[in-house]
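Submitted below is the structure of interest, expressed as structure tokens.
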Amino acid sequence: MFETIIVPRVSETDGAGHINNTTIPVWFEAGREEIFKLFTPDLSFQNWRMVIIHFDVDFIQQLYYGKKVTVKTWIKEIGNTSLKIDEEIHQDGKCCAKGSSIYVNFNFTTQKTERIPELIRMELVKHLYPMDDKYQPDQEPFGMA
Amino acid sequence: MFETIIVPRVSETDGAGHINNTTIPVWFEAGREEIFKLFTPDLSFQNWRMVIIHFDVDFIQQLYYGKKVTVKTWIKEIGNTSLKIDEEIHQDGKCCAKGSSIYVNFNFTTQKTERIPELIRMELVKHLYPMDDKYQPDQEPFGMA
Amino acid sequence: MFETIIVPRVSETDGAGHINNTTIPVWFEAGREEIFKLFTPDLSFQNWRMVIIHFDVDFIQQLYYGKKVTVKTWIKEIGNTSLKIDEEIHQDGKCCAKGSSIYVNFNFTTQKTERIPELIRMELVKHLYPMDDKYQPDQEPFGMA
Amino acid sequence: MFETIIVPRVSETDGAGHINNTTIPVWFEAGREEIFKLFTPDLSFQNWRMVIIHFDVDFIQQLYYGKKVTVKTWIKEIGNTSLKIDEEIHQDGKCCAKGSSIYVNFNFTTQKTERIPELIRMELVKHLYPMDDKYQPDQEPFGMA
């Protein structure tokens, strides 16, 4: 699991007095930085590989300005060319939002997806969701080529 | 269906050269304004009713700065207290992103969900997804109280 | 003058119930699209020229969600390599924010500023601030090389 | 001086490959949190006091994704009801952006500005810009009532 501490910003709230729902994907994306780094060690856009093809969010409790949040990020499933990530946002000891995202390992030069390299798989495996033995390296678990 | 024309902004792109994925929920939320107005005619936060509990997005094609996009917004299902909305973003004649969201009709004073009033239902029905006869007014179709 | 109509978004408000101050530069940048197009007709980042070196904003009245705003954009001064732009945001018939920005015409390949071409100057002059005869094409009015 | 460490986000970059200019006011606002807390100790919007009336930014060097930045925040001048704040953003040992902002101490109930209380002044003075003896508590230094 990766943990990222985030300090909510005034500009991330909305008129209803809480954190706006569109801020949550921004925080979740921030939580994935260590995974981006596995694919693009210098984090440069010239060498970028990770392309998102899906995300979903469940809003469980309102999040507020004024208290730090923790983003928890796990690898949920590793496919041939793709990767499923699960995330949670906690504030004040409560899980306030849950989400998942699916990325593909994309070669921008050839404009094609590529198999996730073994060295990266070995790192990803260390961050698999606990109690979860779904690691099936040569299958695409969510219906992808 | 509701249609909303949006002009992409430089600040909505990212270093990979396209519209950043976190912009899509912002555009989808913008597409729901006419629905927010049914629940809160003056669009004031004092009278706000619509609370989001879920959204998901599928990214189909990259979206770019420099060309207008159209957000298409349909009512997908109307429950007792909740509402499912389906949306698409089109650019250059292609559907580039699809998403759905679930809202509840929330009374901030009592902090409870309330049945969607009949007058609002009558309006919502006019914007149901085409070819879709799932309107079951007294059932909660997505497992909600 | 260029005029851009913008529909405020829920995600652009903050917990104080109005449009957040950090939204204003986003709207002002949106108002400059026609100027960007003069320098980069296809609006592609490969051919991008306009680099911002300064902006300032004066907040005059609160701006709210629920009512359209108009961004008014003028050319204030044209230097050798640089350009000063003045902007206002109006809502409900009142000027709610004023700002100015300074851009340079930048060649990303040579990493140097370049003189604004004559053909672009001829277009820019048409959008000079009214009652303003400060157009001094061969002088850098704000202390720039 | 207050120092705030910020990790740049992919969503804060733009198609030109660097941090978008509209992100800078967001980071500067994040740098002011300890000052907001002096005026509103619980950081709740019900008790909010600080209203921004001006900001300006000078862009000195490009800022990039992939390396932490430090926001440095000083009190520049303390007026009767208002406050001038100076800020810098550093990355890789270089000052990349400078800015200042002016806030008033606003009572949302009476809709009037109020004198900054003595206890808050005593705290603010501790964070005055170094080498700066402009503290004139009973004068409004930037032409405000």
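Order of writing sets the labels: A, B, C and D. Residues in every chain begin at 1.
Methods note: contacts are C-beta pairs under 8 Å (C-beta built on N, C-alpha and C of every residue); 3 or more make two chains touch, one makes a residue touch a chain.
Because the structure is a prediction, the values reported are computed rather than measured.
Enquirer: Both subunit B and subunit C are touched by which chains?
Expert: Chains in contact with subunit B as well as subunit C: A, D.
Enquirer: Taking each chain's centre as the mean of its CA atoms, which one is most distant from subunit A?
Expert: Of all chains, C has its centre farthest from that of subunit A.
Enquirer: Any idea how many Å lie between the Cα centroids of subunit B and subunit D?
Expert: A distance of 35 Å separates the two centres.
Enquirer: Approximately how many whole Å separate the CA-defined centres of subunit A and subunit B?
Expert: Roughly 23 Å separates the two chain centres.
Enquirer: In angstrom, rounded to a whole number, how far apart do the mean CA points of subunit A and subunit D lie?
Expert: Their C-alpha centroids are separated by 31 Å.
Enquirer: Residues of subunit B that contact two or more other chains, please.
Expert: In subunit B, the residues touching two or more other chains are 10-11, 13, 15, 17, 21-22, 26, 29, 45, 65.
Enquirer: Subunit D touches which residues of subunit A in the complex?
Expert: Residues in contact with subunit D: 4, 7, 9-11, 13, 17, 26, 29-30, 33, 36, 42-45, 65-66.
Enquirer: Any idea which subunit C residues touch subunit A in the complex?
Expert: 10-11, 13-18, 20-23, 65
Enquirer: Quick one: which bits of subunit D touch subunit C in the complex? Just the residue numbers, please.
Expert: Those in contact with subunit C are residues 15-17, 21-22, 25-26, 29, 45, 48, 51-59.
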